[in-house]
Structure formats: structure tokens, C-alpha cells
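Note that chain A is present in both complexes that follow, paired respectively with chain B and with chain C.
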Partner chain A sequence: MLNLIQTEFLKLRRRKFVWFMLSTSLIMPFLALLYFNYFGKKDIEPMQFYKMSAYGFTLFIILPIVLGMLCTMLMREENQYDMLKQLWIVPVSKMGYLLSKFFVVFVYSICFMLITAVASVIFSVIPGYVALEWGSILNLLEKCIIIGVLSAFVMLPILAIAASQKGYILPACVTLVYAFSGFILMSINAYLHPISSMALIVICNNDIPGVVLKQEMNIPFAFLCIGIWDIVALLLSNIALKRRK
Partner chain B sequence: MSNFLIETKQLTKIYGDQTTVNAVSIHVGKGRIYGLLGRNGAGKTTIMKMILGLTPITSGEVKVFGQNMKGGEKRIYPRIGAIIETPGFYPNLTGTENLEIFAKLRGTAAPNAVKNSLEVVGLPYKDKKLFSKYSLGMKQRLGIANAILHDPELLILDEPTNGLDPIGIAEMRKFIKKLSVEYGKTILISSHILSEIALLADDIGIIDQGILLEESSMEELRQKNGRYIQVQVSDLPKATLILERQFGVKEYSVQDDHTLRLYNTTLDMAAINKALVMQDVAVISSAFCNDTLEDYFKKITGGEGIA
Partner chain C sequence: MRILLWAECQKIRRSKIVWITIFATLMLASIVFIGGLDQYKGPEVHYGLKTVCDGARYIDNAGWYMDEAQPWATFFVLPSVIALLGSYMICREEEEDTLKSLRLIPINEGKLTLAKMIITFVFSILLYLLLFSITFLTEVILHSTNLSAELVISALKEYLLDGVGVFLAISPIIAFTSRLKKYWLALVVTEIYCVAGMFAAMSNVLKKLYPITAVFNLSGYHITTIRNRMGSILILLLCSCLAALILNGLNHNKKKKNRVR
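Now for the complex of A and B:
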């Protein structure tokens, strides 16, 4: 398994798109900087800044789309170049293959959120919008790591769809629908969608200002939602990879 | 355990209502090069995929190294190297990097495995050229390098000369032969090019429309289909006695009650005819025949298609 994971990272050599996608982690911290600069606000609450730079669109839209693209990219290559046959006769187990891809997504997701966290701190503290407080920085880091870890699990259904497809159009389209539907369902029933469930887990301490929930907070339900989606995704991807022979 | 490294029994593959492979039984002996010859779409790749367990078998049985492939994959795969259809690799990596990935996945212990396998196929080690920039010939070579990376006993090569230029084909043939002769590998190779199989294989299986039409050694086939003199006589036992004693003929075969084939074409036919007639053996006909393998294949497959 360790060899499989190592080779997954080796395969990413010279993939500029991977670095480009990672750079999108700077979008929201930068937009937050522009926003607070435009309104000329100083000494704002750190959580107010981080809500915009790390927890808002990054959680609901940017990170899911980036991870969806990454899942598609990871799965597409071997399908496109007809390499699966060669891998199966190594032999590589289908579950091992899928889990090694998942591990790449997992690490990437955490890196993405750590960059977002660092950029949020830099863009807020250096221009002087937010005072340097270690407590809020640690809180930001904690939440970013939670988002990074959970996002990888939340995107497992997209990895399953990418595993079942030779092309990239369907997984890319499904990623967009998946990300936006998570955002929309947040205000209807958050426990139906893994992304909205993840958002509930992130805000469970009620420490993010301006978030009003229409439903009662139930963290086990949120984990259950993610778990069910992931189990179904794993089963489907296993079937899809078996058919891929 | 039998001497066959690959043995299939009544191997059948049905897609929908189409039978792609129909009750094929092939036998690949240890240390031999077995050529699977057939037109495009004859079922060669499907047979190879079934042998490798890459496609489910409708009915029949595959034994590799005397073991059932189904369920024994983990034990059998490390002993096999294969190229099925066009070998695919990561285009963003160099040949060496690609092989390093496969070496890592296989847990190849030999420290110089990548370097050695690249050397065997004549590709440079640690070259900076990306796989996406490789020519078709280089891609095929890299495919073979990957197949021999872990020093397998058995190689399954599906049309390894596909798309190569004539020089590339000759080079590929040379090192497939080398793998068999110098490294003692058993090789199952498929092709639709008769001349290629004729030059490479020790044994041959001719497949057409999913049916194995013939399986024999190349030597037997050549004997059946080379240049020979066909003689029809009234008394076959007496004729063979005369040929053996008077003319020292040893290379001949009996076709039926009255027909003989003499494989030494330098014999003086006039003298033979005279001797037979003089000893009361009527010569019904005698003729030089020159059946090529191509003629034979056309005859048994019922037409064109094998180059």
C-alpha cells in the first residue's frame, strides 16, 4: 500500500495543473483582503476575516471543485492511456488503487487548506486588519485542518464517478453540480449532502459570526451522511473498477 | 505437472450473441516461442486477456504454470510479463521514471532492474525524454522493458511489432528471439503477420473467427508445406523400399495408400521413375510442389487476410 501511495505522488511529476489548482487556495484570502481594504475597515474580528477567507466559498465551492478536478485528473490518466490492464497484472488490488488515489486527494486537500490558513493570516495581519492573536490563528488552523480532512472524504463520490468513466466531462460536470447542490442544500436540509454536513461539523462550536442555522445541529447525523455517501461511493467504484478489466 | 506453461481447455468467450473465442485449446511449452497467428479480429487479444484474467471467461479453463488462473492471480502474475494491445505509460514521465514506478509497484528487489531491462531493449537509462515524445518503436520497446523488468519466466506479447517500420520489426524480432534463446523465456506472441511468426515462433496456433484451426510446431508445418516431390505409385511399400535402398531416401512422408512426399528436391526424378517402372511399380504421377506457408494458411483460413 505504501508503494502504491508513493507511486501516486511520483505520477504527479511535471503536472503544472496540480500546482496551478493549489494556487487557487489564495483566491479567497486575497478577495477578503480586497473587500476589507475597499471598506477601509481596521481592527476587525479575526473570525470575520477568516469566515470570508477560509470558511465561506473556499469550503463550499473552491475546494470541492479543485478536489473534483484532481479526482478526475488522477483517474483519467490511466483510463485514457489504457494503463489499467498493466496495473492489474502487476498485480495491484482495485481497492488499493482507489485508496491510494484517495490518499493523494487527502494530502492535497490538507495542503490546500493549510495554504489558505497561512494566506489568511498573512493577508489579515500584515495589512493590519486583524491583530495578531495566537488563539484565533490556532482556531483557524484547527478549522482548516478539519475542512481539509473532511473534504477528502466528502469528495469520495466524485472519485468513484471518475473511476467509472473514461472521459473527464461527466466527472467535471458532476463536480460542479455536487459543489453547488451542497451549497444550496445547506439552507434546506444540511444532512442530505456531504458538503453541507461537513459545513455543520466545521461550525459546530457556533463561533463563526453571522451563521444562522434553520435546523438543529446534530453532528452524528452529519458524520452519518458523509459515511453513507462514502460507503456507497466505495461500493460503486469497486464495481466500476471490476468492470474496467 | 505438465510441461506446458500455458494450457487452455475449450476456452470460450461470448459477448452478447457473438462468440469471439470458440473452444480454443492451446499449449505453450516451456522455453518455447508460441506464435498465435490470425487476422485482425480473430480473437487473439481476447485469448491473451482471458489467459491473463483480464476478461472473464464464458466457459473453459486456463492453467498457467499448472495452476488455475482464477484465484491464483497473486501467485501467477509476478511470474508473467505482458503487453496487451498498445503499452500505455504516463506521458509526463520519462521512460526510466515510468519503469521505476512499475518496479516500485512490483516490489522488484534487484537494484539495477530498471537499468538492465532498458539495456536489453536498447533504450537509454535516465534519459530526459518524456514518454509523450517517444516514437511508436520506443514505446513498444519500453512496453517490453516493463514486461521483463521483474525477470518473469513467461512473456505474453500481443502484437509487439504493431505500427513499427520494417527496421523496427526486424530489431524487435531480434530481441524477442534473444529473450528466448539467451534468457530462456517462454513467450506467447500474437500477430497477424505470417512472416513474422514464421521467423520467430517454435510453435504456432492458427486462429480464425475465434476457432483454433491448427496447432503444431513450425518444423512440422514447414515439412508439410515446403518444397517437395509428390509421387503417386501403384505399390507404395515396394516403392518406399526401392527409394530407401537404391536412392538412400530418408526424408519422406506417406500421404495415403498411393501417395508419397519426398522432401529432398535434388533427387533425379527421371532415374527414380525409371527404377520404379523397371521393378513393376507403376508411376501414376510425379511432380515438384512448392506450397508456401502462406498458401497453407490461405487454404485453411479460407482466404486472404494474413500478410
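Now for the complex of A and C:
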């Protein structure tokens, strides 16, 4: 398994686009900076800035789409060059193959959120919008790591779809719809969708201003939702990979 | 040119991409519908022909669904799908190694790219019209008596112009990603470009200058002055000129490569 993971990371070195996508983690902190600059606000509550830079569109749209594209690219690599046959001959276990890809997504997701956290601090503290408070910075780091860890699990259904498809158009379009539905379902029933369930886990301490929940907070339910989607995704991807020759 | 357009239509018919984009549009419409089941609490809102009443579910207001599907589709889903389709169509000839055969015919590559862009443009309008049809039929089922012809015609005009405007706004991205031969990039870049539009909409100046929000000025979704609308049209035309310049560079590069070979 460790060999598989190592191979996956070695393959990543060749793909410049993957590194380019990591730079998208700077977009929301930068837009948050522009937003507060436009309204000319000073001495902003740290959580208010971080809500926009790290917990808003980053959590609901940008990170899911970036991870969705990464999943699609990782799964398509072997298909594109017809390498899967050779892998099955070695033999590589089908679940091992899938989990090695998942591990890459997992590490990538954490790195993405850590960059977002660092950029949020830099873009908020250096221009003087937010006072330097270690408590809020640690809280931001903690939440970013939670988002990073959970996002990888939340994107497992997309990895499963990418594993079952030879093309990239379907996984790419499903990623868009998946991210968008998570965003909308947050206000209807957050326990139906893994992305909205993840958002509930992130805001479980009720320390993010301006977030009004329409249903009762139930963290075990949110984990259950993510767990069910992941189990179904793993089962489906196992079936899809077994059918592949 | 007519033959090229016909050939592109035949190629796109064989590809699954059309069904996948229709699926994305259907999913988008159903998600916005689910979002509309939420109850609105606040002062009564009147904007043009549209009204949202306090205490009622959003979807119970005649015209809300037709109205609201537009920004959600434009900020989150449809431009990315259209950009992906456009850049895929341009890149696939090189990726699937069919460009050599096309050069042997010989085909004017500039015209070929233009045909692909025209198909993307038509596809963009058709996708918006599909979304309009879904929302319109739902509105007819839900409030057939409250729906005025004026509201429906104005929504149809908005959707039609949204399709035109979105293509113009994303055409530089299609051209640029095709030049880089990274159609993956089209999806990610367009999504970020569209989400950034939500922030641009907060500023009165950027609202008319940022291409994605300029689309709403063009379509009439944002009620604005003629001057602002002309400014937005100019921005969108500049976007298409930029796309033409990039694509022109793409064809010159190909010709230079051919000469070297």
C-alpha cells in the first residue's frame, strides 16, 4: 500500500496543473481582502474575515471543485495511457489502487486548506484589518484542518464516479452539480448532503457570526451522512473496478 | 463553413457530453426548486415584474423560479459546463490525433475553430433555453393563473440574452485553455471567474464592468440605465475580441509548427 501511495506522489510531480490548482486556495482570502477594503472597514472580528476567506465559498465551491478535478485527473491518468491492464497484471489490488488515489486527495486537501489558513492570516493581519490574536489563528488552523480532512471523505463519491468512467466529462459535470447542491441543501436539510454535513461539523461550536441554522445541530447525524455516502461510494467503485478489464 | 458546422454537429451528437450537460441543467433546476421550498421571512420585495411575499415559500411566488434559476445557473454551473464543452471540442482534435487527418483534407484550421466556437455559442443559448423551458413549465403547473404573458416574455428574453452574454464572457477562457491545451483548466478557471462575479456584483462600478455581471445588465435581469447597459455590451464585445485574438494566435502557432516539420 505504501508503495502505491509513494508511486502516486511520484506521478504527481510530473503534473504541473495539480500544482497550479493549489494556487486557487489564495483566491478567497484575496477576495475577502478586496471586500473589506471596498467597504473600508477596520478592526474586523477575526472570525468575520475568516468566514469569508476560509469557511464560505472555499468550503462549499472552490475546494470541492478543485478536489473533484483532482479525483478525475488521477483516475483518468491510467485510463488515458491504458495502464490499468498492466496494473491488474502486477497485480495491484483494486481497493488498494483506489485508496492510494484517495490518500493523495486527502493530503492535497489538507495542504490546500493550510495554504488558505496561512493566506487568510497574511491578508487580514498585514493590511491591519484584523488584530493579531493567537487564539483566533489557532481556531482558524483547527477548522481548516477539519475542513481539509473531511473534504477528502466528502469527495469520495466523485472519486468513485471517476473510477467507474473512462471519460472525464461526466465526473467534471457531476462535481459541479454536487458542489452546488451541497451549497443549496445547507438551508433545506443539511443532513442529506456530505458537503452541507461537513459545514455543520465545522460550525458546531456556533462561533461563526451570521450563520443561522434552520434545523437542530446533530453532529452524529452529519458524520452518519458522510459515512453512508462514503460506504456506498466505496461499494460502487469496487464493483466498477472489478468489472473493468 | 456549412459543411464544417454540419460535421461538428455530427461529432457532438455521437459524444455523451450533450446528455451530461442536459443532466447538469436538469439537476440545477431541481436543486433551485428544492431551495425554493424554503419560507421567505422579511419585507415584501418588488423588482421589476417580480414579487416575493413575506411568509410564503419562495416557489409560491409567481415568477420567482424563472427569475432565480438565472443567477444560480450563471454563477455556479452553466458557464463552466459551456467552457468545458468549448475547450473540449477544440482540444479533442489534437488529443485524439485527428488533426493530422483534417490537415490532409486540407481544412482551414481557422474556419474549423470558428465552427467550433459557433457550435459552442449555439449550445450556450440552447442550454439557457432548456433551463427556461424547465422553469417555465414548472411555473405553469404551479401558478398558471398568476403568470402574466409580459413576465414570461421578459424572462424568455433574459434567458436568451444570458446565453449570448455568457458565451461572450467566457470566450477568452475557452480560447486561452484551448491554446494551453488544458481543457481541465476551463472548468476550474470559469468556476472561479463566475464565483468572483458574486463579489463584483457588490460594487456598482464592477457590476457593469465584470463580464459575468455584465451579462445580467445585457439581459435585463439587473434593471439598469441605458448607459450602464451599453458599457456592459462593450465589455462583452471586448471579451469576444480578446478570444478572437487568442484563437488567431493559436492558428498562427499551428502554421509555424507545420512549417518547421
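Points to keep in mind about this one:
Definition applied: the second predicted complex is superposed on the first by the 245 of 245 C-alpha atoms of A that agree within 3 Å, B and C clash if a C-alpha of one lies under 4 Å from a C-alpha of the other, contacts with A are read in each partner's own complex, and residues count from 1 in each chain.
Definition applied: contacts are C-beta pairs under 8 Å (C-beta built on N, C-alpha and C of every residue); 3 or more make two chains touch, one makes a residue touch a chain.
A quick note: this is a predicted structure, and the numbers were derived from the prediction, not measured.
Once the two complexes are laid over each other on the shared chain, residue contacts for A:38 go to chain C alone; chain B is not touched.
Contacts of A:57 after superposition: chain C is touched, whereas chain B is not reached. In the superposition on chain A, A:169 contacts chain C only, with no contact to chain B.
When the shared chain is aligned, chain C comes close enough to touch A:185, but chain B does not. Number of chain A residues touched is higher for C, counting chain B against chain C. Of the two partner chains placed around the shared chain by superposition, chain B is the only one that A:86 touches, whereas chain C remains out of contact.
Applying the stated contact rule after C-alpha superposition, one finds that A:65 touches chain C and leaves chain B untouched. Taken together, the chain A residues at the contact with chain B in this complex read 3-4, 6-7, 10-11, 13-15, 77-78, 81-83, 85-92, 245. Every residue of chain A that touches chain C in the complex is listed here, in rising order: 17, 20-21, 24, 27, 31, 34-35, 38, 57, 61-62, 65-66, 69, 72-73, 167-170, 172-173, 176-177, 179-181, 183-185, 187-188, 214. Across the complex, chain A is touched by residues 49, 52-56, 73-74, 77, 80, 82, 84-93, 97, 100-102, 104-107, 130, 146 of chain B. Only residues 16-17, 20-21, 23-24, 27-28, 31-32, 34-35, 37-38, 72, 76-77, 80-81, 84, 88, 182, 184-185, 187-188, 191-192, 195-196, 198-199, 202-203 of chain C touch chain A when the two sit together in their complex.
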